[in-house]
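Before anything else, here is the set of structures, which you'll find just below.
Here chain A shows up in two complexes: once beside chain B, once beside chain C.
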Partner chain A sequence: MVCALGIEGSANKIGIGIIKDGKVLANVRRTYITPPGEGFLPKETAKHHREAILGLVKASLKEAQLEPADLDVICYTKGPGMAPPLLVGAIVARTLSLLWEKPLLGVNHCIGHIEMGRLITGAQNPIVLYVSGGNTQVIAYSNQRYRIFGETIDIAVGNCLDRFARIIKLSNDPSPGYNIEQLAKQSSRYIKLPYVVKGMDVSFSGILSYIEDLAEPGRRQNKRKKQQEAEVIDYSQADLCYSLQETIFAMLVEITERAMAHCDSNEVLIVGGVGCNERLQEMMRIMCEERGGKLFATDERYCIDNGLMIAHAGAEMFRSGTRMPLEEAFVTQRFRTDEVLVSWRED
Partner chain B sequence: MPQITNKPNESTIRVPFETPRLAEIAYRVLSVDQEPRRNFVKKTLSLDGDVLVVTFQADQVKNLRTAITSFFESLLLCQDTIKQFGESKGDTAVRGNNDDNAGTQSGSDSA
Partner chain C sequence: MSLEILKQGAEGRLYLGDFKGESCLIKERFVKKYRHPELDTQITRQRMKAEAKAASRCLAAGILAPKILHSDLNTHKLYMEYFDKATTAKLFIQRTWAANLEEEAKPTLQELCSRIGTIVGKMHSNHIIHGDLTTSNLLINPTAHDYDIIVIDFGLSHYSQATEDKGVDLYVLERALLSTHSQQPFLFEHILAAYRKECGKDEEAVLSKFEEVRARGRKRTMIG
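Coming up: the complex of A and B.
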């Protein structure tokens, strides 16, 4: 019996979750939404989190109908992520841990996503595609580690989508990716974009620059480009959204398929904020079915950053005997998925 | 640890808490985070009964300000957490609506 409270605040979401033996008791979340055309900055995001976090802790306890005494462990996101928002979660977690006299555990954000996905979908040993605003990784489990098979060599896929949404001034509510997905449904006109897969790795920054030029020709003062302007066709925003999604999702499907073939696996699990994109899920499902495999995916409650995933991963760590002294309860912007010893899996 | 010259800019903040236990909690919570390597500030925390004592030393006043500002943000959040979830009776009821703007004012609770 492990009852855990988890605090997540590594990016623009602040969430608290409570889980007891794999059963979801509470999952509350607030998102810092910026005006169209603007991204979220560390300082402002931390301020948003500071104002929301204590109310969320209260709300989660109320939803779970628990007293602090019922908890076994307090978990928080140790990294990776933006330092100021991470610190908000860490400070509150440390204080609660001492006030309530409960053990404290720092959880790797990526591990949280993977374990949450496995819990909700029941996937046993899948190839994991972890796609979000800060991370893009293809992961396979082997020998007590989640090993990174392929990843982005520059920006994350969600970062590429978010930044494109800013260029064309799409709303950030509920999320830029969601609005791109909706707009893309209005088009089926494919514009050829660069397709950048390098072995098991992918790259998105060049695609972003290319599509920026298409979206706003003349924004850059490039003489050679100006000569070509005569042949520039006026693409609609929907065409661009559609083409961008098709291109970058195809790249992700390709490296995921290669990982499946390499590991002889027939399960794929998609986690992370971009994972709730239904077009990505559809493309991945087609690939899986062609190989006789199966796709596992979750909806926005679990694949977008949430406190529950931190609570669940922390509970697994706690159950397998992991402990952490308070002096080690710091935050770290860089914290790779394969640094964590997966002590709770027996396979 | 950064090298501080023999004439440093210095600032000491004394933050009283309701009980020595709560002061110790704040001390332990706030001792974890190291100053970023490149801000050239030396931060020392200590306890004086129910008072948390924090001393900052830096060669440049500008760096001192940055360090103190970010320290206050953590301190206020820790204090608010204690106020709302600490079990000391009677205190939370008197304060009433302490959710409002709790994280934005600095100075009034300290020294």
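Coming up: the complex of A and C.
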């Protein structure tokens, strides 16, 4: 019987979750939303989290109808992520651990996503596509590690979408990706964009520069002036959103399929914030059906960063005997998925 | 004519068939319904052309690759030489490791890796970038007392002299080895050692580019 409280604050979401033996008791979250055209900066994000976190801790305990004494372990995101917001979670976790005299566990954010996805969908041993604002990885489990088969060699897919949303001044509420998805539904005009797959890896930075030039022809005048004069075609924002989604999601589905063929697997699990995009899920489902495979995906409650996933992964670690001394309760911006020894899986 | 399906890979289906009386392997890149039709056509054509081109370029450079007999862009079918006794390097490594003691398996695998390194080096000195170097894309074809290594699956390949492309190619291979053969972490160093002898005059530049590409992966902060 493990009852865990998890604190997640690696990016612009601050969330608290409570889980008891795989049963969800509470999952509360607040998002720091910036004005259109602006991204979230570490310092301001941390300030937002500081102001929200204590209220969220109280709200989660109330929702779960628990007292602090009922908890077995306090879990927090150790990394990867932005240091200032990560620190907010870590400091509160350390304080609660000392105050309530409960053990403390630092959890890898990516592992949190994977384990949460497995719990919610019941997928046993899937190929995992982990797509978010900071990560793009194709992962398969073998030999007590989640191994990275393919990943982006530059920016993350969510970062590409967010930055494009900023260029065309889309709202960040509820998220830039969601608004791109909605706008894309209004178009079916495909504009050819670069398509960059290198083995099982992908690259998005070239696509972003290319589409930025299409969206704002005057932005880098010297470079593309001649070309722009030659082709006076007017694309709508919806056309650009549609084409961007079609192109980058096709790349993601392709590398996932490659990993499936390479590992002889027929299950796919999509996790991470971009994973709640319904077009991506649809494309992945078609690919799986063509191969006789099965897709597992979750909705925004569990896809987007949340405290519950940290609580769940932490509870699994705690159950398998992992402990962490207080001196090791720091945060780290760089923490790769394959660094974690997966002690809780027996296969 | 009914065709026997050998395998459904990520790229397409493989059949056993014949071309002008000669038995051959047919690789059909079927339409991927998840992709926009325009994008799908563009990718399929591009990859079929790349595959045929790179395979013949390799043969001309003395690197073993399947001979392309015929290519049909309308039916998305590529007819090529079939090696019926060949297995993938992936299986070869796994079997060698499982069937032998570590000290016996190691020299065999080191020898294999040296040969792989030589081949990749040769490809790069001829400016052929494979684009998807994994142990599933290298075939081990047994001969009377030995074996040949045959390079396959050139769909992502292209011709480039740029050290960046060669560096990324090496990085893709290293990552494929790390994830597929995590129990044999020594493989890549032997490949690299042999590669350096063969990769031509740009050796230092390619290697430093490779380090740079590697660093991109390691140093990238991962948020969210």
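In this text, the second predicted complex is superposed on the first by the 341 of 347 C-alpha atoms of A that agree within 3 Å, B and C clash if a C-alpha of one lies under 4 Å from a C-alpha of the other, contacts with A are read in each partner's own complex, and residues count from 1 in each chain.
Criterion: a residue touches a chain if its C-beta (ideal position, glycine included) is under 8 Å from a C-beta of that chain, and two chains touch if they have at least 3 such contacts.
Bear in mind that the values here come from a model prediction, so they are computed numbers and not experimental data.
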Exercise. Look at where chain B and chain C land on chain A after superposing the complexes, then choose clash or fit.
Key: fit
Quiz item: Touching A:46, do we find chain B (first), chain C (second), both, or neither?
Solution: first
Exercise. Using the touch definition from the top, say if A:290 reaches chain B (first), chain C (second), both or neither.
Key: second
Quiz item: First (chain B), second (chain C), both or neither: which does A:218 touch?
Solution: neither
Practice problem: In the overlay, answer first, second, both or neither for which of chain B and chain C A:95 touches. | Solution: first
Exercise. Kindly classify A:194 by the partners it touches after superposition: chain B alone (first), chain C alone (second), both, or neither?
Key: neither
Quiz item: In the superposed arrangement, which partner chain does A:22 touch: chain B (first), chain C (second), both, or neither?
Solution: neither
Practice problem: Please indicate which partner A:37 is in contact with in the superposed arrangement: first for chain B, second for chain C, both, or neither. | Solution: neither
Quiz item: Given the superposition on chain A, which partner contacts more residues in chain A: chain B or chain C?
Solution: C
Quiz item: After superposition on the shared chain, which partner residues are touched by A:327: those of chain B (first), chain C (second), both, or neither?
Solution: first
Quiz item: With the two complexes overlaid on chain A, what is the closest approach of chain B to chain C, counting only CA atoms, in Å?
Solution: 16
Quiz prompt | Touch list for chain C against partner chain A, complex | solution = 8-10, 32-36, 38-39, 42-43, 131-134, 136, 156, 168, 171-173, 175-176, 178-180, 182-183, 213, 216-224
Quiz item: Residues of chain A touching chain B in their complex?
Solution: 46-47, 50-51, 53-55, 57-58, 68, 87-88, 90-92, 94-96, 98-100, 326-327, 329-331
Quiz prompt | chain A to chain C touching residues, read off their complex | solution = 10-12, 80-82, 109-110, 132-135, 140, 142-143, 145, 147-151, 153-154, 156, 158, 190, 192, 195, 197-201, 246-247, 250, 253-254, 257-258, 260-262, 272-273, 282-284, 286-287, 290-291, 305, 333-336
Exercise. Name, in rising order, each residue of chain B that touches chain A in their complex.
Key: 25-26, 28-34, 73-74, 76-78, 80-82, 84-87, 99, 102-104
